[in-house]
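Order of writing sets the chain letters: A, B, C and D. Residues in each chain are counted from 1.
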Amino acid sequence: MLSFESDYILGAHEKVLEALLKTNSEMLSGYGNDIHTENAKNLIKKACNAPDSDVFFLTGGTQANKTIIATMLKPFEGVIAPQTGHISLHEVGAIEYTGHKVIELAAENGKLSAGKVEEYLKTFYGDENNSMMVVPGMIYVSHPTEYGTLYTKSELSALRAVADKYGMKLFLDGARLGYGLMSRESDLDLSDIADLCHVFYIGGTKVGALCGEAVVFAKGYTPERFHSLTKQHGAMLAKGRLLGVQFEALFTDNLYFEISKNAIDRAEELKQLFKSRGYEFLIDSPTNQQFIILTDEQMKKIGEKCRFCFWERVDENRCAVRFATSFATTKEDILALSEII
Amino acid sequence: MLSFESDYILGAHEKVLEALLKTNSEMLSGYGNDIHTENAKNLIKKACNAPDSDVFFLTGGTQANKTIIATMLKPFEGVIAPQTGHISLHEVGAIEYTGHKVIELAAENGKLSAGKVEEYLKTFYGDENNSMMVVPGMIYVSHPTEYGTLYTKSELSALRAVADKYGMKLFLDGARLGYGLMSRESDLDLSDIADLCHVFYIGGTKVGALCGEAVVFAKGYTPERFHSLTKQHGAMLAKGRLLGVQFEALFTDNLYFEISKNAIDRAEELKQLFKSRGYEFLIDSPTNQQFIILTDEQMKKIGEKCRFCFWERVDENRCAVRFATSFATTKEDILALSEII
Amino acid sequence: MLSFESDYILGAHEKVLEALLKTNSEMLSGYGNDIHTENAKNLIKKACNAPDSDVFFLTGGTQANKTIIATMLKPFEGVIAPQTGHISLHEVGAIEYTGHKVIELAAENGKLSAGKVEEYLKTFYGDENNSMMVVPGMIYVSHPTEYGTLYTKSELSALRAVADKYGMKLFLDGARLGYGLMSRESDLDLSDIADLCHVFYIGGTKVGALCGEAVVFAKGYTPERFHSLTKQHGAMLAKGRLLGVQFEALFTDNLYFEISKNAIDRAEELKQLFKSRGYEFLIDSPTNQQFIILTDEQMKKIGEKCRFCFWERVDENRCAVRFATSFATTKEDILALSEII
Amino acid sequence: MLSFESDYILGAHEKVLEALLKTNSEMLSGYGNDIHTENAKNLIKKACNAPDSDVFFLTGGTQANKTIIATMLKPFEGVIAPQTGHISLHEVGAIEYTGHKVIELAAENGKLSAGKVEEYLKTFYGDENNSMMVVPGMIYVSHPTEYGTLYTKSELSALRAVADKYGMKLFLDGARLGYGLMSRESDLDLSDIADLCHVFYIGGTKVGALCGEAVVFAKGYTPERFHSLTKQHGAMLAKGRLLGVQFEALFTDNLYFEISKNAIDRAEELKQLFKSRGYEFLIDSPTNQQFIILTDEQMKKIGEKCRFCFWERVDENRCAVRFATSFATTKEDILALSEII
């Protein structure tokens, strides 16, 4: 059945699979001490225009979030995040499980504004009892957000400025980073991200890999013995090559960007399609996740021929649902959808 | 200098001190295995009209909160609390340090309503992705709240009903419980509290003891090996008698209630005094903490002769400050205050 | 270069790769809610002759160890393990990071004996202060052990009996389980393991998969909301299919056992080869890891043509090194080795 | 009944109680921000001859151990301790609960030798896989030990040298420090301890106080925001004065040392008494804890008239028991004991 359920309904991009196939019988050392992992790291540093950064590969988003946050925060620090952020809502308290508070601030369209953050910090530092409070040590944003929205260069710069002013780190969860970078509305490229964030990751799982996120620490911000700490967090693969080989493929010949662009192009077509048919949107998303409002009747009818993801109830008769395109969505898929809706 | 800074500016009530003096040379076993601790437990069970409950003594409020919550929650559970709750704001993330999320809901006058809690629970259980969310396993309320306000019997019953309906526990932080019970506006007595809560504690530190909180678990809700777990949490005293003897004194001849009543009587006088002089209040508190709004000039002038606690800035020229009475506040103190303001 | 460095120097077995290739373009739901994962679970239950067990897939051994132990132990419990056990030595304290003590007992040839365990338990339960001690809640063994050795059916049964007697769980780390099951000296089959352990896992990473361990909980021992808890531990893959598809392949047509047998056959040849040339062994291992003692000169010379793993220094002039065969080792590899040593 | 059960069977020394009484009605700020706490800190720094050290007061030994260790170690570090150490055995895994491994080394008479520590460190740093191991970050010793024994100045210096050589911290648990300092066999004074340790604490609970341990950090080793972190650990008292006033009394006019000396003098008399009657000792202790070997019959008979603490079974017919003197033991108590044994 046709499916826009998520951007992880398929396996890997064929070139990624091919790379796994091609390197399968090479004898390589474990734990990421292999030539492909090394090469992938260098390709990523180059793509980020950040030769002095440090790159590590982890298997998934929640794993990356908890390992990064737990190893970068001091014991008395918490992480500021939007109330709709992935770490706030959908990780079964993985951050708190590492002992740190997620300080949730109101979000707008999934985004956190520098203004809101500074407003909170002023309250915090204005409180005479702040020695009894969790110290904000990091700002967490996802880009694109869980609602498909994007930060502008100016917004991200403002967040970094606030972070610097108050001695905090800026961390960008890029589980869907490719789709953000290739969005027609994006004014941020990969080197901007690398320049503005103390740490971020480039999502592979949702952008053409079987699994894998590439974590990039800005120069001087890699936690001490981070590689060992990934073991402590259960996040180290014996066959580290699995991640190295995939990212090597993704960052060869611009593959990561091209397949991200495909998802964006298809998403734009899908968006226009729904618009042209008069559907309403929950939010105006410029990336690969589109949030459409359907009546219960429409949900049922469309749902018989095409999968999508339930998002939230809007009112008694209507729900918002998510249609996601991915690296693998084809023009034919959009055409097929146009027959259904 | 005259001081209404807090309800812990003095040592212990004289009868509590006397009891420590009187029992000082008795040879007693450690870790709470002594006759006074035993006796204190029985006196408290009796005062609670809860013969089948279990009583334990801990030294302070944050210690009690974290030990209780960490040992009663399952690993995937979090605790619902008002945004202004002590565990939300003023414990340096002690709850999160034990691995559990504090799910903060909007509070009104420091209180959480059953309606607000159920509204949240409906969203939670209505979310198809709830397997990725922290499961609400407990409701935390403080009584009196951090703003001096009180739950009515009906409000607390409603919270218990919601807790039961969704398989949650109701936990009442009674760091200032005596002042709540003796408030003229309270319709809850100690046996009501014991009846409605799965667990609560009777604050000693702020009500006449040098230190100590009496934790009461309703029948069947004591965590397995709780005594051992207090050791793991660094919360067990070798000389457990220090807590047992104090609570024995507090629950002999109604002392706990009488000294709480003294604080309430003085608080009412203080409240009337400020009212009669035309001062405004931040909130209408029926307990021993009164929140008065002062101009910056008044703050300075009064502050020269009398201590109080800064609470929060109200506007450019005015702040809210807290005046707290306690078991030891005298009519003379109020009189002296009337000369100053 | 020829390499016996470890059993994870290669990618996946070709049939595992083929399965990934073949299913790559199927549209499947995430988080393990797909038909291949379902099928793999059923195949494993069948192979274990344990239709009522619960099966989950995780990505690696340390991840499995920490997630299983943390979710099965009560807060006051620790896990008994041999001093040479993987969780004792080589996981950067991953178990302690979850808050639980590893109670290390002396091992013999990497193995823990029921006698040693019971001896410890008698001390524990004989101590009047045991309320201040960590309660032993689980026995951890690896099979094969880190030294390639195996438990006999009688030894494992004795450990289970002790576990039952003292209310503990028996957990078997089967990161290399296939190589144990196919050892010529093994008198345990998979259904015995499933019968004797409360929980164990079937290692994929070191036995033909790119990554993945299949965790099997005996009926009634699955921790509450275990699936959610894997998310909290950062151990859930969005593309759960990656694990499901691989284990489906491994448990189709006996593949897992056949490729394990290959490793064992080659290991026996390798063992005979070294024996016939007069080399000494650190330990007599009946599985795919062989521990040979080499002089420093031999190490250097052999090391120029063939990779192996340094294990430990034996005396001033000699070291023990590990030669590991795997699912992919060929008769040609052994032949090539015979030319070198 | 006569009791030598422990050194915490009584309340406080009378001068400590008097101080609490005398200061009881002073109005003082909370959380240790009071003049007595300030004064106590200065008296202790002076007694330690360490004007640049930082002093904090906590309520008990396990609380001090876990708070100190958790805040001084990095996330990948563990603490080396003797197998018989308090943190190894009798704290319900409080250290592991904070996420850190206790690396247990063999002890002799309760003591850890620099040689044994270095031997371990050589193995650790000699292991090529040490990136998968917990890094030893601290050495924990108790002085006197759990067996009443003492480190010499030369032994403690050697431990410090090893600590420095390997970048570790030296932490001395001084729950019974007074009894160590006043032992006739001690060649360490308080300033030596302060000089040799990165952190240590001066026990009050077992040396004349109702509760309380004074933690002393050497210059430059106080963990960032330690005061806040004590709140996170549930270790901060609202009425911090309770600890400040007691330690002020203990460190005025040499009280701490005098009452410690009393315990030592009585212990020597007790030791001679048992020796003169032909009893055997489990260990030769120069401090206030004496370990006598009794037949089961003797245990029963003496136990009818005098309390002591069961320690461990020595053989089928005999046990070791502990007789502890304290700040309050009198010559009359020893005389009474001589009638009994």
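Convention: a contact is a pair of C-beta atoms (placed from the backbone, for glycine too) under 8 Å apart; a residue touches a chain by one contact, two chains touch by 3 or more.
It should be emphasised that the depicted structure is a prediction, and the values quoted were computed from it without experimental measurement.
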| task | Compute the centre of every chain as the mean of its C-alpha atoms, then state which one is farthest from the centre of chain C. | result | B
| Across the interfaces A-B and A-C, which one involves more C-beta pairs in contact? | A-C
| task | Using mean C-alpha positions as chain centres, tell me how far chain A is from chain D in Å, no decimals. | result | 50
| message | Suppose each chain is reduced to the average of its Cα coordinates; what separation in Å results between chain C and chain D? | response | 42
| field | chain A and chain B: spacing of chain centres that average the CA atoms, whole Å | value | 42
| said: Counting only Cα atoms for the centres, state how far chain A is from chain C in Å. | reply: 33
| field | For chain A, residues that touch 2 or more chains besides their own | value | 75-76, 91-93, 97, 99, 131-132, 228-229, 231-232
| note | Seen from chain A, its contact residues with chain D in the complex are 70-71, 74-76, 99, 131-132, 135, 224-225, 227-229, 231-232
| request: State the interface residues of chain B toward chain A in the complex, per the touch definition above. | output: 75-76, 78, 89-93, 96-102, 104, 126-129, 131-134, 310, 313
| query | Touching chain D in the complex: which residues of chain B? | reply | 1, 3, 5-6, 8-12, 14, 17, 20-21, 23-30, 59-67, 91-94, 97, 205-206, 210-211, 228-229, 231-239, 241-242, 307, 328
